[in-house]
Amino acid sequence: MRVELRPASFAPLAELAAYQAEVDTRLLGQYGALSMFIGTMRDFNDGHAVQTMNLEHYPGMTEYQLQRIAEAAWRQWPVLDGLLLHRVGALQPGEPIVLVAVWTAQRAAAFSACRFLIEELKAKAPFWKREETGQGAHWVSHNTPA
Amino acid sequence: MRVELRPASFAPLAELAAYQAEVDTRLLGQYGALSMFIGTMRDFNDGHAVQTMNLEHYPGMTEYQLQRIAEAAWRQWPVLDGLLLHRVGALQPGEPIVLVAVWTAQRAAAFSACRFLIEELKAKAPFWKREETGQGAHWVSHNTPA
Amino acid sequence: MTIQVKYFASLRDRLGRDGDELESVSGLTVAGVWAALHPKTPLPPNTLAAVNLEYASLEQAVRAGDEVAFFPPVTGG
Amino acid sequence: MTIQVKYFASLRDRLGRDGDELESVSGLTVAGVWAALHPKTPLPPNTLAAVNLEYASLEQAVRAGDEVAFFPPVTGG
């Protein structure tokens, strides 16, 4: 299981492929299911065009809370391995924000744990988005519920 | 949207990355969510070791039913793009069986449509698994429910 | 004109062949196709049927030129 | 010993600084930390608090050496 913050733009599918190679050395033939989610910055949010976004976090607490969320998923489902990467800093539309991947023996646990990780992260991990639009900048006030 | 059968082993993450590049030329900045599932052959199923597996299908009906399942997902959720690849033929443990990927604006639709596609495929697409174990070969009698 | 009949997976293995041809007669149903070809073998429980690539009930009418398939529960994915 | 106080995102912008230091006194709570530092500014509605990287209620006790943080609802992912 790897949980990391990324201060610069990252290539989620390349990262996933690299981590998959590591998973295969340990678990090939054991996992039957990989569920993955990638969240990407859109150029349009809540009815306005977005030019750039800044993702602030709370160094120390953010990493700690992500780790706790992962541990909660591991307790709840028979997870074999996982990868959670989250961007911080200045983003352009089209850039990835978050990658969540979960390997399990069977599909139901993979889907459930992957969904749990992204929902818990959005609800509890201390990140804050500030969007710059043609009409100025504003803090995003809340996340949309699942 | 691409729906394809694969008669030989395929690299799902490489295929996903290639298709993602196509999606980006059309939809970068519009999609905010990608949900993906990969099903992989395990070396152990229902309590016995599996050496090889043969995936039979019904040429013509299988492709048609997969297309119908995709269309049903498109009607139910605001899907921007999708990729569905399914293996046929002789597989070894650790080889990918199925890849499902769905791009949407927001995450709930991506998760729901991806899950729908795999569940519908398992329930309705005409594929049949025959497993070879150390004790001989047998047809898998039914899929486990979700 | 005839009806093409196909068998898949464990059902094909059991019957020892992957298909049959049947002369079309009026009033034929999916169940009737099976009965005509396998008068001594009841349709195995849980067998699924398709007509022209669509899932079909045993009562569905079958016409000349149709392709009828019989197969066990599907196990893909 | 002191208490380190941190502010994030829109709350930091509003206060014009990213933190404060406060002398520890006995019986201090999270709400008391805010009140001591911002006697004229009620805690904005929906503000979240953390003590030593764990989410905390406003009633939670705060001790010398603790790190207390105030921030708006989180919007990651």
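All chains are identified by letter, namely A, B, C and D, in their written order; residue positions are counted from 1 within each chain.
One rule holds for everything that comes next: a residue touches a chain if its C-beta (ideal position, glycine included) is under 8 Å from a C-beta of that chain, and two chains touch if they have at least 3 such contacts.
Predicted, not measured: the structure shown is a model, and the values here were computed from it.
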So which chain is the furthest away from subunit B, centre to centre on CA atoms? D
CA centroid of subunit B to CA centroid of subunit C, Å: 27
Between subunit A and subunit C, what is the separation of their C-alpha centroids in Å? 49
Among subunit A residues, those touching two or more other chains are 39, 118
Multi-chain contact sites of subunit C, meaning residues that touch two or more partners: none
Which chains are in touch, pair by pair? A-B, A-D, B-C
Taking the complex as given, what residues does subunit B use to touch subunit A? 13-14, 16-17, 20, 24, 28-44, 93-94, 105-108, 110-111, 114-115, 118, 144, 146
Which stretch or stretches of subunit A touch subunit D in the complex? 39, 55-58, 60-61, 64-65, 86, 97-98, 118, 121-130, 139-143
Residue positions on subunit C within touch of subunit B in the complex are 6, 8-10, 13, 50, 53, 55, 69, 71-77
